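Two complexes, one shared chain (chain A), two partners (chain B, chain C).
Up next, the complex of A and B:
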């Protein structure tokens, strides 16, 4: 049997994906800590299966301006990783790397975007390493691309691309402390169905 | 003569970080390329003593550039530096002739240790 829709996932599948989310995020945040050169304390990530519309609400609503970094999974597991960085996260990054005060995500310059892109790249790389190590699959990532726009617009990218497999995504809500600041960063994982089936097969989980 | 190092990464931010680390430690002859294609073209004219090469880049990947530069010059010295550090990728790069493989993010001391060792 195979999955025909992300909505077919049962509670056991969700548990497995939750654990993958935990492990992957743990690796990603460890990488982030090394990059920013600070200790990062992490709360247990919250993994949910959400409708696209629900996930838009989770990130402040369709008109909320957010910074999104999109990375495609192109080999091994195929699909998309979309990081949604809230303003506080962006502010912390820009302060840490460039000593600059953040005004608005719409005013960040090309070097700022490059830094955020690279953070998405490194975190996705850590996530892919965790998945690869657990499944034995070689997982290749695309170059990252960054966009500052309304949440509804940014989320429409995976929504349109994956319309055929259903309208649900894996939403991983991360909350961590950098220095004295608590920041949120959310990751949306949209795997292709064939990849999801392969993933469960590699993990020895029945469908 | 001062050693010339070519930094190849599509992220301007990463090139900036690497250049800063190298400059502070005495390596000031630094040139940059934003993808593997540019790196291959630059290699012919610049003949850098060392290349620090990202893998995931547009136009030409670091692995393809490694292969092409090694074909041009088997004595070229190339270190891979990538966010993807899965074992199969590291093995592939080393088999193609990379001298080392650093997984991002890295501590400055780590990259300096490797650069110093290769260029000494």
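Up next, the complex of A and C:
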């Protein structure tokens, strides 16, 4: 048996992906905490399988301005990771890193963008390491790329690229405590189907 | 009173004056506004991909997501409702490249715009205005009565074409 559509994933698959998310986020938080010199706590990530319209609604609607960081998985497992950082996340990060007050995501400068890119990079790297250590697959990531724009326009990027394999994405919601602030980040994982099948095979999970 | 008719991604619809067709947050997708002013009929399609045949699509049966099949369906819908093909003109918006990645050099936004132009030209529909390419999202309002296409971006740029 093989999966033909992300919509075919059952609750056991979701549990496995949640656990991977958990380990990945744990790794990421350790790196981030070192970087910012503050304690960071995390909750267990929530994994949902959503279609395009549901994901857009989940991050505030088509015209809500969000910050997206895109990283491609280019070897071992192929696909795309897209982080959607809401304003509160961006504000907390910029305050923690640079002591800067945040007004609007549309006003952040190149230096802020490169800091956010780096955070996406660290988080994706940590998730990839978790995948890699559990599957034995070598996983290579592209450099990150950032875009601040309407949620609908940003989410159309994975939707277009993976239109031929289904209209659903894995939506992983992480919630962090940085200092006294609780912030959320959303990770959208769109693996190629062959890669997803390979992943479950390596993990010994039946399909 | 005019109504606002929302067209989602991979979808299309028509409207009669004085209604306004709207589609939100086009990224690499392209919004195609068609108008037969003599008969006060307009149409809007929000396509995601260029050609239905090359998509290798095994899941979706939604032909409205492609430029070739979507535009033809929109024309047919307009004609069934009283539009005359020879009158129809087009205004298009979208086809941006949202992320500048090093690896994926093939630019889907650009390919979408190219495909839209080919399909319109094959149907002898003239493009009288366009706001395409670059690297930002666009929301489109198409007023069937005036034929105006308003394009709004995240940075509050508003242009009327």
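Just so we're on the same page, the second predicted complex is superposed on the first by the 207 of 207 C-alpha atoms of A that agree within 3 Å, B and C clash if a C-alpha of one lies under 4 Å from a C-alpha of the other, contacts with A are read in each partner's own complex, and residues count from 1 in each chain.
To be clear about the criterion, a contact is a pair of C-beta atoms (placed from the backbone, for glycine too) under 8 Å apart; a residue touches a chain by one contact, two chains touch by 3 or more.
Just so it is clear, the model here is predicted, and its values are computed rather than measured.
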Quiz item: Are chain B and chain C a fit on chain A, or do they clash, once the structures share the same frame?
Solution: fit
Quiz item: Angle chain B-chain A-chain C between C-alpha centres, in steps of 10 degrees?
Solution: 110
Quiz item: Does the superposition put A:142 against chain B (first), chain C (second), both, or neither?
Solution: both
Practice problem: Considering only the touch criterion stated at the top, classify A:2 as touching first (chain B), second (chain C), both, or neither. | Solution: neither
Exercise. Have a look at where A:31 lands relative to chain B and chain C in the superposition and call it first, second, both or neither.
Key: first
Quiz item: Is A:43 contacted by the first partner chain B, the second partner chain C, both or neither?
Solution: neither
Quiz item: Looking at the overlay, does A:115 come into contact with chain B only (first), chain C only (second), both, or neither?
Solution: first
Exercise. Check whether chain B or chain C contacts more residues of chain A in the superposed model.
Key: C
Exercise. Go through the superposed model and pick first if A:104 touches only chain B, second if only chain C, both, or neither.
Key: neither
Quiz item: When the two structures are overlaid on chain A, which partner does A:10 contact: first (chain B), second (chain C), both, or neither?
Solution: neither
Practice problem: Quick one: minimum Cα-Cα distance, chain B versus chain C, in the superposed arrangement, integer Å. | Solution: 6
Quiz item: What part of chain A is shared between its chain B contacts and its chain C contacts?
Solution: 142-143
Quiz item: Where on chain A does chain C make contact in their complex?
Solution: 4-5, 52-53, 56, 62-63, 65, 68, 70, 72, 74, 106, 142-143, 145-157, 159-161, 163-167
Quiz prompt | Residue numbers on chain B that touch chain A, as the complex places them | solution = 10-14, 16, 56-58, 82-86, 88-89, 103-107
Quiz item: For chain C, which residues count as touching chain A in their complex?
Solution: 8-9, 24-29, 48-49, 55-60, 65, 96, 98-104, 108, 135-139, 154-155
Quiz item: Within the complex, which stretch of chain A touches chain B?
Solution: 31-32, 34-35, 97, 110-111, 114-115, 117-118, 121-122, 124-126, 128-129, 132-133, 138-143
